[in-house]
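Think of it as A, B, C and D in the order they're written, each chain with its own count starting at 1.
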C-alpha cells in the first residue's frame, strides 16, 4: 500500500465522509467516531508518507496510470507534506473538539451532516496539498471552499447564514478569477501539469496573456487568503461560525489558500518570473505589511473575542505573505514556518474562545472577568496562545518573528522590519487587554451556570495545541528540518 | 583554564521553574506553596554556591542547553562576571521568600499561587540572564523576566495597579523589541552573538552603525531605568513590598544594568566602545540620571517611591562605572551590583515592615516611628548609610572603586558627580532617620510594636550582611570582580 | 459555426442577463435565468463543447431552475430592492 | 397541484422515458457526450417531476430520505471501491486495466469506467433529490 499513499490520503476522508453519513443514518451518535477514526487513519497515512518523502525527496503518483502531462499527477514533496501534516493535525484536533462544542451551536439533526461536510473539507484540503495538477487544485479548492461555506452557515441563528453567504459570494468571485487564470495558462501552453507548466513557461515570460493569467491568479488567491483590502468576508465568517468551524477556518482553510499561493507563485510561475518579469513580490509584501498593521489595529478596536481573533488572523496572514514576498531564504523560512505556528496558536485561541462561549455564552471581552479562576486550564491555554501571538520567546510566535526579522534585515527592508517588530507590540496591546480581563479583574458576583473547565474532549485538543506552542518553539529544529530545503528549492532560481 | 562542562547552572535555573509548576498545581494549599518556594530558593542558592569554588579557581562553567535556531544557541556560561549577579539574586531570594511569607500572612494575601510562581520564574530568569552564554539566551530570559513580573506588579488588582501594569509592560515590552532589534543586527553584522571577551563587533561595522546599535541596545536595556526611560519603576511600586524589594531593586533593574555591562564588555568590546565614543554618551546619561533622580527622590513623600528614585540613581552608578572603561571602574560597577542589592533590599524590607505593622507609607507620617520599632529603623539606618556610601558599610567600597576608576580615566567631572550624589543621597535619607528617631511619636502610633518576626528577621539579616560585606569586602565579591576585570583585560 | 446565429444568440444572452437582474418578480427572474442557461447551452454546443452544453442544459436550465422555484415558493416572491 | 389529472397522467407517461434517457446518458458517458454527472441530474429531475405531480409525501413513501442517503454513499463506494480494487490488483488508483476480467484490457477499462459513471450518477441523483426535498419540505409538513 505504501506506493499508493498519495492518493489514499485523499480517498480516505472521501470515503469517510459518506461512511459517517451512513453511520449517522443508522444512529446519530456514530457520525463522530467514524469521522474521528477516519481523520486519525488519514493522519497516520500522512505520517507514513512523510517517511517516504524524507527518504525519496519527491513522491509522484499517476492517477489512473496515465502518464503525467496527460493524466493527473499527485506530487508530494517536502512543502506538500509539511502543509499536509499541519492541516491534518489541526483537523484531527478540531474534530475531537467538535464532539462537545457543536452540541450547543448546531441543531442536533444536523450533526451527521456536519461531520460529512467536515470530512469533505478535509478531503478538499488534502487534495490541494497533494495534487500536482493545477486544474485538480482548483477543483479541490472549490470542494473545500464549498464545504467551508456550508460549515460557516451551519450554526443556529441568522448571522452565520449571512456571513456564510458573504463568504460564498467572495469565494466564488475568487474561484472565477483562479479559473480564468488557469484557462489562460491552458490556452497558452496546452498543459495543466504544474511541473510541465514550469518547464514550458519560461520562453513565454514576456507574453501578455501570461501576465493576464498571473494577475487573475494573484487577485483570486488574495481573496482566498483574505489579504488585507480583500479580507472583508473574513471577520464575519470567523465570528459567526460555530467555534469548531472558526478554529478550522483560521487554521486549515486559510492555510490552504496560502499554500496554493506559494505553489502557484513559485512552482508554476517561478521566482525568476515573479521577480524579474513581473515584479509583483514587492507589491505583495507591501500589501502584507499593510495587512499586518491594519489587522492589528482593527483587532485592537474589537470588543468581541472571536472577532478580535479574526482580525488578528488578517494580520497573521500578512506575516506569512510578507515572509514569502521578501524572496530570500531566511524570510521564506520564516513565512513557511509561520504557517505551522499560526495554525497552532490561532487554533488554540479559537478553541479557548469556543470554550468560553460553551461554558458561559460570553463573547465580549469585558464579560470574561475572572475567568482565570473559573476555568483555570482553559485560561492557561489562553495565556500560552496569547504570549505566542505576541512573540514572547520561547514560544512559536517568536521563532517566526526571528526569521522574518532576520530576513527583512537581509533584504535591507527597514520598513518591513519595523512593521514586524511593531506588530508584536500591537498584538501585545490587544492580547494583554484580554489577559488582564481574564486574570487580573475579578468577576462581578458569581455568574450562575457553569463553573469549572469544559469537558475533556474540548479541553484536550486545546491543551495539546498550547503545548505545541511551546514545544515547536523550543524544538523548532523539527519543523525547520522539513522547511529549510523547501525554502531553498522554492527560491532555486535566485 | 579550560571551561568546565557541567549541568549545574542549568539545574539551578530549572529548579525555580519546576517550583513554579508545583506551586501552580497545588494552588489550594497555602502552606505547601510557601514550603515549595522556600525550599526552591535554598536549593537554588546551594546550586549557585557549588559553582563558586570552581569559578574562584579560575575555571569557567559552561552548559549548552539546546540549539534552538541556527546561529542562536541556548547556552549557559558562568564566569566571575555573571556569578556576581547570580549569587546576589539567588541569595536574596531566600530572605525575600521568608519575607514574602511573613508579609503575605500579615496582609492576608490572595492569589498566592500566582504570586509565588511568578516570583520563582522571575528569579529563574534573572539567574539565566546572569549566566547567559550569549545575547540570544540573555534576550529570551530578559523577555520572560518582563512577562513574569507583570502579575506581580498588578497583584493587588486595583485600578491603579492595572494602570501601573500597563505602563510597565508598555515600557518593557517596547524595550524588549529594541533589544530584539539589536540582537538581530548583531547577529546580522557579526554572524553570531556569543559573549566574547574583547567583543565581536569590532571590524564588522562602521562607527556610525555601532553608535546606532549602541542606542538601540541602550533603549533595549530600559530595565536599567536610566532617564528618561525610568518612569515605569516608580509606578511599579504599587506591587507588594517583597516584589519591590527583590525585583524592582535587585533582579529586574539589575538585569538591565547587568545586560548593558555584558553588551559593552562582551559584544562591543572596550576598544570599540572607546573608539566609537560610546562611553561619553553613557557617562552623560548616567550622570544626568544620578543627579536628577536624586532631586526627584528629595521631592517624594511616599517612602517606597523615594526608594525607587534612589534605585534609579544607584543603577546609573553601574552604568557610569562601566562607561569609564577602566579596570577599577568596571570592578566598581560589578561590585555595586551585589552591594547595592543588599542595602536597597534592606531599605525596602524595612519600608514593608512599617507598612505591615502601622500601615504607613508616607514619610511625613512616620514621626517617631524609630522609637516604636527600633530594630526595623536600625536596619533602615544601616541601609541608608550604606547607600550614601559611608564606611564601614559595603556601599563605601563600590563607590571608592568607582571614584578610583574615574580618576584613572581622568574624568574629574565624574568624580564630582559621584561626590555630589553622595551628598544628595544623604540629603534624602537623613531626614527620614531624623524624623523616625528624634520626632515625638504621633498619637496613632501609640501602642504599635515591632513588625512580625518573619518580616523583621530578613530585614535584619540583610542589614547585617551589608555590614559584614563592608567589613570583609574581599570575599567573595571583590575577588570575583577582580577576576572578571582581569579576564576582560585578556589576562588569565 | 454560423456567426450571425451566434451573434443573435449572444445578444439574447445579454438581454436575458440584464433582464434577470432588473426584474422585480423573482419567479420571472428565475424563468429568465433558465432561458439564459438554455441559450448558453446552445452557444456551448455551437462552440463544439457538447459536453459542457449538455451539462449546462441539464443543470443550469433544468435542476437549478426547479431548486430556485422551490426556494422561492418558501419565501416572498418579490425582491425588496 | 394536488388533484391535477393532466399533470399526473403526463408525468406518469414521461417519467420512465426521462429515467431511461438518464440511464442512456450515464452509460454512454465514456464514449460520447454526457456522463455520470449529467445523467444523475436528469435522473434527479425525474424524481423532482414526480414530487411536483404527486406531492412530496408520496415520494417520501416510495423513497425514504434515508434511502437517499444510502444511495449517495453507495455511489461513492462504487467509485472508491473500484479505485481501491485497482490498487489491490497492483495498479495505481483507477488503473482499470489491471482488473483481471476475461475480456481485453480496453474492454475492461470501458466496463469499469461505466461502473464509475454509474456510481457518480447515483450520488449526483441522490444529492440533487435530497437538496430538492430539503428545500421543498417545511419543518415536518408538506408544501
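Here, contacts are C-beta pairs under 8 Å (C-beta built on N, C-alpha and C of every residue); 3 or more make two chains touch, one makes a residue touch a chain.
Computed from a prediction, not measured in an experiment: that's the story for all the values here.
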{"item": "A-B or A-D - the one linked by more C-beta pairs in contact", "value": "A-B"}
{"item": "Geometric centre: closest chain by C-alpha means", "value": "A"}
{"item": "Chain B-chain D separation of Cα centroids, rounded to whole Å", "value": "78"}
{"item": "Chain A and chain D: spacing of chain centres that average the CA atoms, whole Å", "value": "35"}
{"item": "Whole-Å separation of chain centres (CA-atom averages), chain A against chain B", "value": "44"}
{"item": "Touch-based graph of the chains, sorted into line, ring, star, complete or other", "value": "line"}
{"item": "Pairs of chains, among all present, that meet the touch criterion", "value": "A-B, A-D, C-D"}
{"item": "Footprint of chain D on chain A - complex, ascending", "value": "1, 4, 7-8, 11, 14-15, 17-19, 21-22, 25, 61-65"}
{"item": "Parts of chain A lying in touch with chain B, wherever the complex brings them together", "value": "387, 390, 392-394, 399, 401-403, 405-406, 409-410, 417, 421-422, 424-425, 428, 432, 436, 439-442, 474, 476-477, 480"}
{"item": "Chain C partner contacts - residues on chain D that touch it in the complex", "value": "25, 33-35, 37-38, 41-42, 44-45, 48, 128, 131-132, 135-136, 138, 143"}
{"item": "Touching residues (chain side chain D, partner chain A) in the complex", "value": "66, 69-70, 72-73, 76-77, 80, 83-84, 87, 91-98"}
{"item": "Chain C residues touching chain D - in the complex, by the definition given at the top", "value": "50-51, 53-55, 58-59, 62-63, 66-67, 70-71, 73-74"}
